[in-house]
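The data blocks that follow each hold one structure.
The same chain A turns up in both complexes below, where it pairs with chain B and then with chain C.
Up next is the complex of A and B:
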């Protein structure tokens, strides 16, 4: 409970006077809530034909209709559920693997470190996108769940390296030595002493990987490697492309999903930058210097009180 | 030297991992992949070729390790057989035709984005806390966070379809005579503008941040304070003292970025119908030409590894501490 409260307080401190963080989080939260509330916001079915094909946006059809006469507004809302679910679950898988690999590598060192880092470094030099394409091609038109798994299982190496170097730095700190001398078990040290100190990295990684996964999923589906019967932002782009929406002038068919993807991406990027700026004092500019100084002053004041 | 040899050994291991990955994937698929290939060729492939093909891919009778050695042999000797999708053109020829387009595009775009990004980054750090420093990197980060597929579609829609400033696709005007003549080169450049702009948009933010952050780090060094104390002009300190050292991480990152630009061009080439490796890999997926697809993958991996190795060499050249 106490730690929860501390995180909540930290979160409030993070957002205070941090416009990029607030704007980014609001965009993402707004779109997420809209997608979750899809049945309330629309009474149509994303898979049903409701109008003639390629109708432009109007009062009746806010974002127009697809070639097959489906309502784009409804599709964006329901498709967002799939796309965001894929992005966040891929990010969760990636973050957990990166944390596990990075922390054990950094804390245990020795042969464990060598083996894990050898695997990580080899994975790191492989270009991600072609690897994803090959995997998706061999698995056949992959559904959202498989895409989430592929993305989650292939994007951890960079994060693992970052976590490792941070763990190495932490390991030399006095409070870790103190815990070791007191005879605490290694797992307890990792879970109680090290991981809480990596929390800003974990948050940054989760956001960064979500951003990457939104784009990668949309890209894979756009290229026709996903399951085209599932409604998601990526398959919307795929259908827009394959029904030649461009050439017949039905711009709304891809501008709408494209813009939503871009908005979510931009929102996540803003959150990521503000995490970076707050947790890495050297990179700060203008306003962020102020947030940092205030956070520092507050922590120091608390330390003096204690 | 020891450093370079160690890196080289690492890249050789990486290539083996890629080849092994290519070897394993078709064997995990249900059914006989070669029969699937034969079906995909749609009767264009004579039965003798099929037999040769099986042997080349290691689909021979015998234990798995014999198959693996067979596969390794044909990979190392570059005996990749004909492309099924474009039967009977050899795979190596198909790849050779696409590679210059991709590498050229990636090279030009990397060069342009690095020069522009470094300039903006330098300017931002010079006027720390000013307008450019506070908003431009954020703006580009926001733009760059759009997935490349979306950026490519938007740029294509605005500049090629609506404004009609640039052609709708292909690497050059097919009516022109290919060769080293001005109209053809002009056509290539004209066709390359939009794909380049798309790549530029998605890469620029990285360079602005890399350069700016490197500058911010360097500006905190003692020798900068010393230079200031000597009363040197601040512009001179920026260009002659700080930028020279800040550019080191940028230079080494450039060649790696080149490799990843090659890998990342899949969307751009698909949207602009550009005749590069990225488009080829997607076409081969569509045609179920798995060996061609895997050859594309191997080629891209090779490009990335070579770029990495160039980065290592640059690193050694720039940082005397590594030259033991």
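Up next is the complex of A and C:
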């Protein structure tokens, strides 16, 4: 119970004096909740024609309609479910693989380390975007789940190296040696003694990879490599492009999904920055600038009094 | 405990001609090897302490880690009650071996996991080594251990995280962890050198109590005064070799080996006026390899003779419990 309380206290401490974290988390949470609550927030079907094509935003159609006459507001909400699901599951797959590969490699060392790092380095030198395009093209027009798997299975090497280096540093700590001398099993040492020390790194990695996956998924779908019948933010952009929305002046068709992607991306980036600042306080600026300014003002006031 | 069937025989943890080599690089067929520990022999008995004294890099910690089976000896044996602990056919699992031999580390800040409570640190060893206990019994044992090492109030301490404790308190928790296993031997690797001077004595006295309760200690230190205070016997190490050993009072009050004399003369003394010259040549501390010959101290020794550079001096018994490895005392070569 104390551990739970401590995590809650840690969470409060994380957000205190951390506007970037608060703003980022609020944006992401707001959009996530809106997408999950899509059936409550709209009574339309994202795949049904509800109006004439390319209607501008109005009281009836908040964000206007697509060329095919579908409601963009409804599509953004339902499409967000797909896009966010892909982003978070890709991030989860990446984080789990990176954690498993990095920690085993760092903890066991020797031949295991050499083998795992050889694989990691090979994966690392693959140019990511061309690889994604080739994979997606090879598999045909792929559904969101396959996109999530492709992204998850190709973006772990960088994280694995970071996890490995952190594990190497932890491995030399005496509490690990003490656990070994005590007769603790190796798997328990990894799971109970090492991984809890990597939590901030895992969180940072999860957020960072989600950010990357949101963009990469939208990119793949925009290029037409995704399944265009599934509504997601990426396919919305694809349809906007293929229906020449820009040329006919239907700006709402691409501005709305683009803005939502940018908002989520920005929110995740803000969370990522604030995690970085917590794990490396040197990156902190705002709070300490404020303290410094106050101290300066106080000393000046004293000087004036004297 | 596995000694219960032979309670009359005092338990012994022996080290015989222990050699530990580390590979430091080189090619596959021509590896460069560092000999960290060379022909070290001693024994620990329950209820007694042996101090290992020497400067940094003299192989003290390496010996302790070999005794914990963290390193495998390159040659020689570690025997617990006559059984070679590294032999494949007789060796116990690390978990069984842990029940007999535990280690306390130098850095109290590094020896506890920052993400776990003190309770976690003590609960695990109790659970691992007493699988039959239920949750209440484990908790009672944890509280008892915390009280045993002089931390109170025990319940509140158990809920604390390492960062909420001082260095001395952390070291007490580390000692409690060794006790939690129920070890008969504790290898203390400079347990007080990173603590404030004011709390060192408290930790030493705690270890002294445990020694009286029948635990055998190996006390690694570079502080000769505490070695004499805490340990019955003292061994002096230099570059992986034991150069002088025996009864603590004799070794520290009547040092015979030139290196022991140098080490003791380096202890700052109150009321000593002016600078005292150290009784040795300025020279590098040698790096020993399996090919090295001669006494490791020969290069810095003021009394070094020709033979010191070519052969390792034999062990000479100076008194009932006082041994030295130096040609100065070797009867056969004295003219």
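The definition used in the following text is that the second predicted complex is superposed on the first by the 284 of 306 C-alpha atoms of A that agree within 3 Å, B and C clash if a C-alpha of one lies under 4 Å from a C-alpha of the other, contacts with A are read in each partner's own complex, and residues count from 1 in each chain.
Heads up, the rule we're going with is that a contact is a pair of C-beta atoms (placed from the backbone, for glycine too) under 8 Å apart; a residue touches a chain by one contact, two chains touch by 3 or more.
Given the structure is predicted, the values throughout are model-derived calculations rather than measurements.
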Task: Simultaneous placement of chain C and chain B on chain A, clash or fit - done: fit
TODO: Pick one for A:258: touches chain B only (first), chain C only (second), both, or neither.
DONE: first
Open item on the list: By the touch definition at the top of the document, which applies to A:180: first (chain B), second (chain C), both, or neither?
Closed with: second
- [ ] Check whether A:134 is in contact with chain B, with chain C, with both or with neither, and answer first, second, both or neither.
- [x] first
Open item on the list: Contacts for A:109 in the overlay, against chain B (first) and chain C (second): which applies, first, second, both or neither?
Closed with: neither
TODO: Quick one: name whichever of chain B and chain C touches more residues of chain A.
DONE: B
TODO: Classify the contacts of A:57 with the two partner chains as first (chain B alone), second (chain C alone), both, or neither.
DONE: neither
- [ ] Please work out how little space separates the C-alpha atoms of chain B and chain C at their nearest point after superposition, in whole Å.
- [x] 14
Task: chain A-facing residues of chain B, complex - done: 10-11, 13-14, 17-18, 25-26, 28-29, 128-129, 133-134, 138, 141-150, 153-154, 156-157, 161, 213, 216-217, 220, 259-260, 262-264, 266-267, 270, 281-282, 285-286, 290, 293-294, 296-297, 300-301, 304-305, 308
- [ ] Give every residue of chain C touching chain A within the complex, in rising order.
- [x] 68, 70, 93-99, 101-103, 105-107, 110-117, 124-125, 128-129, 159, 161, 174, 177, 181
Open item on the list: Help me check something: in the complex, which residues belonging to chain A touch chain B?
Closed with: 20, 121-122, 125-131, 133-135, 137-138, 211, 214-216, 218-219, 222-225, 237, 241, 246-247, 251, 254-255, 258, 261-262, 265-266, 268-270, 273, 282-283, 285-287
Open item on the list: Can you tell me which positions in chain A touch chain C when the two form their complex?
Closed with: 2-3, 6, 173-175, 177-184, 192-193, 196-197, 199
